Amino acid sequence: MKKIEAIIKPFKLEEVRDALSEVGVVGMSVSEVKGFGRQKGHTEIYRGSEYTVDFLPKIKIETVVSDDKVDAVIEAIASAAKTGKIGDGKIFVLPVGNAIRIRTDEKGEEAI
Amino acid sequence: MKKIEAIIKPFKLEEVRDALSEVGVVGMSVSEVKGFGRQKGHTEIYRGSEYTVDFLPKIKIETVVSDDKVDAVIEAIASAAKTGKIGDGKIFVLPVGNAIRIRTDEKGEEAI
Amino acid sequence: MKKIEAIIKPFKLEEVRDALSEVGVVGMSVSEVKGFGRQKGHTEIYRGSEYTVDFLPKIKIETVVSDDKVDAVIEAIASAAKTGKIGDGKIFVLPVGNAIRIRTDEKGEEAI
Amino acid sequence: MMNSDNNGRFKRFLAAIIGFGAISVFAQDGGISAGDTAWILVATALVLFMNIPGLALFYGGLVRKKNVLSVLMQCFVLTAVMTVLWTVVGYSLAFSGTGMSEGEVNLRSFVGGLDLMMLKGVTPDTPADNIPKLLHFVFQMTFFIITPALMVGAFVDRIKFSAVLWFTILWNLLVYAPVCHMVWGGAGGYFADMGVQDFAGGIVVHITAGVGALVACIVLGPRNGYPKKPMPPHNLPMTVMGAAMLWVGWFGFNGGSQLAADGGAASAIVVTQISAATATLAWMFIEWAKFGKPSMLGAATGSIAGLAAITPASGTVGPIGALVIGAMSGTICWWASTVLKQKLKYDDSLDVFGVHGVGGFIGTVMLAFLMSEELGGVGYGEGVTVRSQFGVQLFAAVATAVYTAIVSFIILKIVCAVVGLRVSEAEENEGLDLAYHGEEAYND
Amino acid sequence: MMNSDNNGRFKRFLAAIIGFGAISVFAQDGGISAGDTAWILVATALVLFMNIPGLALFYGGLVRKKNVLSVLMQCFVLTAVMTVLWTVVGYSLAFSGTGMSEGEVNLRSFVGGLDLMMLKGVTPDTPADNIPKLLHFVFQMTFFIITPALMVGAFVDRIKFSAVLWFTILWNLLVYAPVCHMVWGGAGGYFADMGVQDFAGGIVVHITAGVGALVACIVLGPRNGYPKKPMPPHNLPMTVMGAAMLWVGWFGFNGGSQLAADGGAASAIVVTQISAATATLAWMFIEWAKFGKPSMLGAATGSIAGLAAITPASGTVGPIGALVIGAMSGTICWWASTVLKQKLKYDDSLDVFGVHGVGGFIGTVMLAFLMSEELGGVGYGEGVTVRSQFGVQLFAAVATAVYTAIVSFIILKIVCAVVGLRVSEAEENEGLDLAYHGEEAYND
Amino acid sequence: MMNSDNNGRFKRFLAAIIGFGAISVFAQDGGISAGDTAWILVATALVLFMNIPGLALFYGGLVRKKNVLSVLMQCFVLTAVMTVLWTVVGYSLAFSGTGMSEGEVNLRSFVGGLDLMMLKGVTPDTPADNIPKLLHFVFQMTFFIITPALMVGAFVDRIKFSAVLWFTILWNLLVYAPVCHMVWGGAGGYFADMGVQDFAGGIVVHITAGVGALVACIVLGPRNGYPKKPMPPHNLPMTVMGAAMLWVGWFGFNGGSQLAADGGAASAIVVTQISAATATLAWMFIEWAKFGKPSMLGAATGSIAGLAAITPASGTVGPIGALVIGAMSGTICWWASTVLKQKLKYDDSLDVFGVHGVGGFIGTVMLAFLMSEELGGVGYGEGVTVRSQFGVQLFAAVATAVYTAIVSFIILKIVCAVVGLRVSEAEENEGLDLAYHGEEAYND
């Protein structure tokens, strides 16, 4: 099993979720993060105090999938989230030791 | 060391925290996530525009524990968070390479 | 590649970000978490109902870096985030299997 | 607040007996006064403003995020429902004077007749003394709206929406309308004839709502997890905003109850302001002394306690009386909402009884002492002593509380049998916004 | 609302013909009445309050987080721009009576002259019948502000800020000012001479704004992703607060349009309250029946529909008429804002047409029936029948709608050519707050 | 705003000398006018509304999440404290006329006596010319409340709660009360006798608050991390809501200061509206030109600048004067709040000095030119020239500023010695809500 973490642009969430559903991913967790990267932030000015906002709103998607799905999932996310403009985000793959479904106590790939 | 990530129903947070304390987990970080899974969402209607909310509010608990505690922790979370109804959530176990306590620069299991 | 997760005190964010920039980290994602640990919470009283807030606001920083940078990054975070008082937080190091830059489909260390 | 039928008379009485002469120059000639009308038009808007958005925000901020819309919805829809109910029959039950006669106790001493249903015979030029009768109708309507809405605070987080509607409709017909009639229905009214003083609704509004709320929260039972589980206010700035709007709107509530733009109205808002201020400070200093930190929620709650308490007395006491009532209500309502509630273990979630019930009671009985001329009050009527006034006040307050408790209990049992009172545990966990209204308050 | 020049006359006419005698005692003697002035001073504040914060919050809560400031900004800056525009030339175009003469159709029947530009010759003691002319000026100004601001709801999330300014400035000069003049500009006004009844702005405010909004949202095109992508309100409590403020402020809108503190003003707020309540309940019960859950957004929207619909009728119908108009508007506006909109696929984002356009139309035509004395209305003028009144109402409503549609379309095309209407896709994704105002609404 | 004792006289003077005749018909006969009373009752509510919730929200939205309750608390509790202080002694110090005599400079030219303490001898029927004296008392009380509350904006995020209370109590007694007395205390007042014009408080309210705030923020020192660390407003919609409430409430502030419902009150709200609008646009266009994006915060701040600036002039200038004052204040206050502040490096966190101090000053001196009849103003009194009026205005403004600066500094030093001014660094990091009030604003 692998955990796939994807950082994407917020307005791409629906498309990515649909792409994931298509490759058979049935579960995921989503949260808001602030991203810092190559994409330049913007300047905000409050009564003359100018300051740079480097942290941009991004969405983090986390989903644990079986090893054989990893490539398809990466492909699905990458193509759905791509705009080609800077700041599109990243996908990270992390190893997972085990998974448990709380409701049923199922373990391992059964659980995801 | 392992990192335990648990996705649970929000109203179960207090119970899970107490269960963790009982098995000797003294540190954890908690965040709000939106979960997508088998549990069906609901429909919201705003002036006739009906749409389905697939993402349900969940709580993510992250705690890093020593290897020998992993099973007890999983057991504690699973039993405290269980309602038996769909959407109870998941527990994932991830390997951790190292841990550092910022205050003291302690490393490894000392730090958690 | 490793993923560094750091839990820090919120008002230290700018300093940590600057420290990370100095050691060449160009990307990171930041989110708000509630932390539970040795640091004692406080009591809030609403119309006589007293209750203890154990969960304190913390910031979680996640950044994926190449293996050779891990120590420098840990060092940078630890020294920037340290106040020496309880609750300064933790740094965890997790293995990462792969990374993909969505915009360009670059993979591995190229992508981070 | 005075009944339209004996308002002029009562004023002349006051003017004659106790030198309370600051009556607007046109109130006496029988015509409609533009100045008085202007003020009561605004006072009506102010009392409506107290309920929506004021009270809705005050309560809405105090509940958890998942229930805020249910609270707003209850305040908002009660506004609508009670408007129609007042038009159809409520006004008539409360203010029809037909069949009443001073000094005589008959059915009409307790409740009005049906002759004013649907405002029969009332046109824009029908006067109620110095103002149009339609204005008296709509000003009083706002009291009919806010009284049941006050009770919402006791049963948040766990009551069915339909149960709120049925309970408040029946309650307004069986509790509010008769109590209002007995106090403000004019000469021949049961309490009015005893000489009860309730200028703007200590008995009619706050004691009824406070006691009704207490009974309701006991019958409903506590929220799931109460008192162990913390349920902190989800948005205190919203609550503060609501408290501030209530405070400002209360000028219309108390000042408008003079039904004229004169020195009496000015005096009412002066004592309202002083009592609110003093109660705020009292509550704040208690917290400061006891916990080391004065809370914003405490100060805001204190202000409402002071406003509730001065309500019945705002036409009879002066600045000194207001200071006393404010200080007492800040202190005693604090005690009732914290110490007493915890001891008795009922879950009056937003302290309707502790603040309104207790506050209204304090003002109602204390005014008997504080209306004395030596203390800057208007003084006692002919043949009235502080003792006799106190007796009347106490009797009316207690009788109303007992009556309200019994009738509220019966209504709740009926509603429980017919549509059910309490939501399921799953619904309570999910939150009423989603479970009953299919919406979430905040989205990204 | 009546033109200052024929207000007194109209009142005497009413008083004589239809027994509508509840006129404040000083309105007739020609002097300025302090009571009437007091009420209109407050009514002015109330209508301003409807726009900021009321309408701004109502709309602001309904959009997504990233666009809330753009909506608040539009409401806020329109307040400023229209204040200046009204002072410089708007008031004159709308209310200058020079060159008008009853029964004669000339240029001045359609638009006022320029002699009142910059309030020439008006001093604090210039009267407009019973109130100062400056007060008539500033009270009417608030209508000139809120009418274009209502349209903001149709083009949220996707319009350039500069386009909003140009569109609304031209629209107010070419649509609002002439329509206002034709209806309220006094004897000799095109619609006024026909005997049209539009007490507080069903035609002048709600039909113009509703139709202008409809045309604008069609020309602009739907929001990116509409209707597939969910765009739930980001903060419903904010919207409810706004709705409540609109409701309270509407007392000034309709009650103030009597331009006096008398039985007519009281009657206006009574019917306003009843219609708002009935429409709230109608919308709520439809949702309850259809979806099983009555929503807070539905109830709030219903209240606005009822308020818009009663506006033209609030000087002519009684409680029964208000019940009918409320129930009809709650029902039909619900249908227009949900079923019809989805069928026709235009993206009137916050339902300006469905609520204000349709609501204003309902009130405008229904009053022809409901003003009948048997139904508690003021009755018809001499020689006027329900049929003839209905014809006039329908003609004025439809003619205004057609005129507004054509002129709005032309203005939009011009603005589009000159500064462009629509933001880029990237800006729409980013949100207008950052793209156009360089700010974010919420920060930690 | 005029002192109750010479209000009638001053009006007759104006009426005679400069043809300012639009005085409500009943103001002259010595009795209490219901119409005037109605308006001032409402104006009182409006000014209270400016402070809570208006100002509280305006400031509350601008600070960081962790400090919002501390700001609301300060505004709320100041309301309570100043109410009591005004009742006990403030009103007497400011408005007791005993011992004053026109043209004579004695102690009573600078501060009132103690004979009105606790409203001694004032009953509901005591008149202050055309309105009840109790109404004059409570209307003026709202100014005594809001003036110190304005200063809160300068020391947010870092001041001890107890220090706020001590500072503002002493400041109101030693700065506000005497300045108010010198300007509005009636014939014999130091500035009044010079012929200073300060209709609604440019000197009395805005210059004192602005200068007091400036001194306080300098003595306190900047917030931790200022100006490097970004401290963006945590909730701009809250701030906009507050600004809108301030705007609406200002109708009561300026219009109410006429103390009558007449053409003068109407004129005051007309110029208030125009100045607010023009300043909003000025600030907006500066930002648009300079940064490419007009911000909501800028527009809202501009409106407050325009409102502050017109305050002293709202009884003396006409629409043209209002346009000029609005444009100047929008421009110069922008400069003061951004360029000047950054240059001088003081941390006037929410720009109390830049907006209120500077705005109040602009209005106070500019009115000398703009009150000229050619520009639509009321014209100069007998023997007064633009030059002499300008001299008086400048002198009073500068003298007040200097006096305020010195006394504020001394008070701050005393308070610092006794209870301390500034919170610890740890408390500042944690946030004042938790550290001083034991609460968090937002919970889940």
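A, B, C, D, E and F are the chain letters, set down in written order, and residue numbers restart from 1 in every chain.
As a working rule, a residue touches a chain if its C-beta (ideal position, glycine included) is under 8 Å from a C-beta of that chain, and two chains touch if they have at least 3 such contacts.
None of these values were measured; they are calculated from a predicted model.
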Partner chains that chain A and chain C have in common: B, F
Between the pairs C-D and C-F, the one where more C-beta pairs touch: C-D
Between chain E and chain D, distance of the C-alpha-averaged centres to the nearest whole Å: 34
Whole-Å gap between the CA centroids of chain A and chain B: 18
Inter-centroid spacing, chain E versus chain A (mean Cα positions, whole Å): 47
Distance from the mean Cα position of chain E to that of chain B, given in whole angstrom: 52
Multi-partner residues of chain C (each touching 2 or more other chains): 31-32, 44-46, 53, 94-95
Where chain E touches two or more other chains at once, by residue number: 26, 33-36, 38-39, 42, 232-233, 235, 261, 291, 295, 297, 438-440, 444
Pairs of chains, among all present, that meet the touch criterion: A-B, A-C, A-E, A-F, B-C, B-D, B-E, C-D, C-F, D-E, D-F, E-F
Chain D contact footprint on chain F (complex, rising order): 26, 31-39, 41-42, 44-45, 48-49, 52-53, 56-57, 60, 68-69, 72-73, 76-77, 79-81, 83-84, 87, 118-119, 123-127, 131-132, 134-135, 137-138, 141, 161, 235, 238, 261, 433, 436-444
Partner chain B, residues of chain A touching it in the complex: 3, 17, 26-31, 62, 64, 94-103, 105, 111-112
Footprint of chain A on chain F - complex, ascending: 227, 230, 232-233, 287, 291, 295, 297-298, 301, 337-339, 341-342, 351
Touching residues (chain side chain D, partner chain B) in the complex: 229, 429, 434, 438-440
In the complex, chain C residues that touch chain F: 11, 14, 42-46, 53
